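Read through the structures below before going on.
Each of the next two complexes has chain A plus one more chain, namely chain B in the first and chain C in the second.
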Partner chain A sequence: MSTLAIDKGGPTRKIKYRSMSRDRAWALRWSYFFLVVFAIFSLTPPIYMLITSLKSSAEISAATNPWWVFHPTLANYVELLTSNQFLRFFWNSAIVSIVVVIVTMLISIPAAFALARMKFWGSTTLATGVFLTYLVPDSLLFIPLFKMLAVVQDLTGITLLNRWYVLLFIYPTLTVPFCTWIMIGYFASIPKELDEAALIDGASWLQTLTRIFIPVALPGLIAATIFAFTVSWAQFLYPLVFTTSVDQLVLPVGITTTLIKGDVFNWGQIMTGALLGAAPPLIIYAFLMDYYIAGLTAGATKG
Partner chain B sequence: MAEVALRKVVKRYDDVEAVRGIDLDIADHEFIVLVGPSGCGKSTTLRMIAGLEDISDGDIMIGGDVVNDVPPKDRDIAMVFQNYALYPHMTVAENMSFGLRLKHYPKAEIKARVTEAARLLDITDLIDRKPKQLSGGQRQRVAMGRAIVRNPKVFLFDEPLSNLDAKLRVQMRIEIKKVHQKVRTTTVYVTHDQVEAMTLADRVVVMNKGRIEQIGTPNELYHKPATRFVAGFIGSPAMNFIPCRLEDVGGTLQIRLTDRLAFPLPPARAARYNALPRTEKLLLGLRPEHLTESHAHLEPGVETFDTVLDVTEPMGMETLVYFGLEGTPVCGRVNPNAGAKDGGPMRLAMDLNNMHLLNEETGVVL
Partner chain C sequence: MAFFLTLPLILLIALLVLYPAFYSMHLATLNKSMQKFVGFANFTFLFKRDTFWMVVRQSCIFAITAVFFKALLGFIVAHFVHNLPAKGQRKWRGMLLVPWVIPPAMSTLAWLWLFDPSYSAFNYTLSFFGVGPVPWLGDTFWARFSVILVNVWYGAPFFMIMYLAALKSVPDQLYEAAAIDGANWWQRIWYVTLPMMRNIIAITTLFSLIVTFANFDIVRILTSGGPLDSTHIFATWAFQVGIQSSDIPLGACVSLFMVPILAVAAIFILRDVSKRGNEA
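This part shows the complex of A and B:
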């Protein structure tokens, strides 16, 4: 809208060069074009899930238009939300993700602070090393990890395999390196003078971390939290490998193992389960987005 | 409040010596300015006093105690940074009271001190704002407030006005001076701006390449510089340095600037320089204000000569004139009504009573 107004206000004589506002208008048109393409591409699957979840099994298998619901029903939702099994998966996922987020933050924040600020011998190498561990794919790691836990289980006699809480040890191997890496970046962007001022004001390292760095880097902290939660919530391979009993399963594995029986796919419930499973991360994103975007460092120093 | 002393302080980074053995005594209540070009070691020196940098060698004493290994928080100092370094998530009051809160001062006393400092700095209305809602000058006041409430032994300022625009800088300069007159805390102030140094300091420490060139009151540095570096660094426009030599003509000592230009020295100067070897390569140091337009009644020791100006710069209250003496660019300050024109001829008067003579090789003022 504003670009049009600027165009009208421009000189009336014919100009040979392309004006800034016209350039901007074209740039905007292209951006919108690609954003729309991207939106269609990424929103089609969830919409299809929603449509399918509102259909009965009979309608799904009937040869009607798959993009339209002729007899909408909430039967799939009612069935899943009243099923103890599904609620168990949900609960397992929730407890695992929440604890993993807490554990991750408790490790990542002090680690990132140490790596970003306390210049000690090898800190730069260590910071790079932290990131490199994140690059190792989980499909390479799950066998050695399984073996390690089996050994620990044999030595200590504590049952770890096929228990939901084994995931509390496994997931941080994915979340801690990445979150530490993000936090190093955020902490490094805080002006050095800020911790020097705190140091002179009499703050210890721990006080500098808790009273200056954590509040100032809150957007980064929230980004890391969202990441850790999403990774834990959506993880599939590790829970598939490490848990097998139905009451120990988390949501993604639970849905696929219990709602697919042999070659019978209960599509309506699978889609409903997937949609319900996608809800918590969506809600978290929606609530934390404002914090995520707000730049809290503004005003710390000049500018 | 306390005196600060530096004894042979050295700072080495790997094999580079940033500070090469500094000796400095700062008296109680004194306002000391460290000034010099970038990379001269002035900020490093300040940071060593603050405890933010380890010292490689020597001793630093605050209030008579050696503080070499004392952490910053136990040195009882307060520092104001170039970029203010305010805590962005805290209000002005919280920023100012942070140090006191960490030391668990009683709430009533914290409030009293913050209120008093805010009143002193005229920021009472801003006390509940966040730093990003403040202008540069206001942020700088808050940063000073944060230092004042702690009531430390020493204030350290690290180029506090560099981020402000020219007008605000002049204003804040006066503010800082006023605050110091009220609180009388020993202050070490670092700047690269010689005007700031001259206007604020009780004594100025001119540094160059990790060493102290000269310590003195602003007037001493201006009128009696010890080296070519100090003579050229202090004063704007800078002092002229004109190659010259001494010669004896008919029993009087003359200074020869060019083949055609030579002046007899005033008696006081002649006596002072008479012992110098006539062969030595010398520089005549003359400030632009001692090179003015000629007029009818000249004092003894003031010599006139004719020249052709290259460029003139009218400044309003004066006009700066630039011309060359055998390739050496020279600057003079003349009355705006003296008729100086770009490319025009002009008769100028050189006040040799205020001349300096420097050894060209060593740069020492003779």
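This part shows the complex of A and C:
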């Protein structure tokens, strides 16, 4: 690939005499140069979060060089990690995300199995419908869902608004369609001979699913799990609309609403909270990058 | 049997996606206290408001500009990463995808702090070059620029990853053949890379168009629609009208205006996805 070297040299006759390896070396140098620029652009906000989180309020308001920490302190971390309120947000986020992942898997694995292997009336329409549902954004549904919850609450007397557990029902609308869709892709790529052999040996459909499909499609399953977790963890609009009391909030909403008090911004704490909130997805990503990327690209390439 | 396996899925979609979607249309025809049917009065009311047309225009500018730059930046970065020796690619890819991994609500807070009117780290840096201070979020033009910038920052890595996967699937022989035929770098991109990646580019762009058009987090946290409603897009304005001013029917009405554009994009995506399915 010497595309870039020619880019710089222009299509002159001289190029013909230049050696291939020198072309390549220049292409590489330019690639590295621009990638460093892009990496700086990409990493500036997270690094700035880290820098600010290590500063005291006094140092922030002194308006010294913002890109450097002169008196590093962990006070912001200590304060947040010992505050019951912040731990409550973290706990709410964790429980909601984990339960939503489990619910998502319980719904989408059987459905994907049925849609990938059993042809039944309306199965292709349903598969298309699942994909279309994935394209319905949260910002289209939050108003009717809000009203629906209010109506159901009035009819049944069960408190739904301003309760974190209502998110357990709402989040699957965001995670299930995509997870089902990519699981259909993974299941469909399993050779038919495999499950036919199992059926001939007398396995039931359930056994084929648990003994063959789930183990073979495990990479897809992990990708789907990561997707469901990160979507639930990052979701901002639904909890912002459905929950208001401080003890019901999840992390993204909690940080943006409680740490900003009127016009007083305690930036050290806000950045610490944001960094702690970004940590779980980042840690998962650091360890399972390949699955993460597989899930990301599967949406458009599978199926 | 098969039906029972898909029953939870069908129930979920029917009750929490399809029903609310239709319920939204019903809500849009009620008056503010939701007791009287008013037909299209909410719609005609919106048509008469300047803010509404500003939101329509800003949503389109926001979505189209952001998607264009995300696609362009993603394409360029994907090429640079693809140029690297295979061993180093993983590391760079990992670094460049970080913006996509951080929950947007969290990373937008960092941008809000970078754009802070009195302590902006960008203005601090720019002051050494004799530029600024730039009113990042205080001025209409700059506020619009900033929300797009943050959206591009967040979304470009997604394009990069998709294009990188597509670039790897283009057979090397095609480039070799093109090189033998004397094609320069531009001809190779135009006649080999782009046609081979056409489908992936179309799907990614349309998909991103939907997500960007329906974006909420970034604009909400960065500007809340200000200054003077100039950065409001459909989602944030619907939130302000429907939830904060508790005029649910009008809010539902605003968000329904997203449907036509989303529907068109969805139809094209579906066509491309099923085409891909048939090719395989």
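Quick note on the criterion: the second predicted complex is superposed on the first by the 245 of 303 C-alpha atoms of A that agree within 3 Å, B and C clash if a C-alpha of one lies under 4 Å from a C-alpha of the other, contacts with A are read in each partner's own complex, and residues count from 1 in each chain.
Definition applied: contacts are C-beta pairs under 8 Å (C-beta built on N, C-alpha and C of every residue); 3 or more make two chains touch, one makes a residue touch a chain.
This structure is a prediction, so every number in the text was calculated from the model and none was measured.
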Which superposed partner A:Leu282 touches (first chain B, second chain C, both, neither): second
First (chain B), second (chain C), both or neither touched by A:Gln207: first
Winner by number of chain A residues touched, once chain B and chain C are compared: C
Chain B versus chain C as contact partner of A:Thr230, first or second or both or neither: second
Contacts of A:Leu35 with chain B and chain C, given as first, second, both or neither: second
Chain B versus chain C as contact partner of A:Trp26, first or second or both or neither: neither
First (chain B), second (chain C), both or neither touched by A:Ala274: second
Common ground on chain A, meaning residues reached by chain C in one complex and by chain B in the other: 296-297, 299-301
Chain B residues touching chain A - in the complex, by the definition given at the top: 50-52, 71-73, 77-79, 81-89, 98-99, 102-103, 130-134, 136, 139, 146, 150, 163
Of all residues in chain C, those that touch chain A in their complex: 1-3, 5-6, 8-10, 12-13, 16-17, 19-21, 23-24, 27, 34, 73, 76-77, 79-85, 90, 92-107, 109-111, 113-114, 116, 118-119, 121, 124-125, 153, 157-158, 161-162, 165, 175, 184-185, 188-189, 200, 203-204, 207, 210-211, 213-217, 220-221, 234-235, 238-239, 242-243, 248, 251-252, 255-256, 258-259, 262, 265-266, 269-270, 273, 276-277
Parts of chain A lying in touch with chain B, wherever the complex brings them together: 191, 193-194, 196-203, 207, 211-212, 215-216, 218, 296-302
Interface residues, chain A side, partner chain C - complex: 1, 3-4, 6-7, 11, 27-28, 30-32, 34-35, 38-39, 41-46, 48-49, 52, 60, 63, 65-67, 106-108, 110-111, 113-115, 118, 120, 123, 126, 128-133, 135-148, 169-170, 172-173, 176-177, 180, 205, 230, 233-234, 236-237, 240-241, 252-253, 255-256, 265, 267, 270-271, 274-275, 277-278, 281-282, 285-286, 289, 292-293, 296-297, 299-301, 303
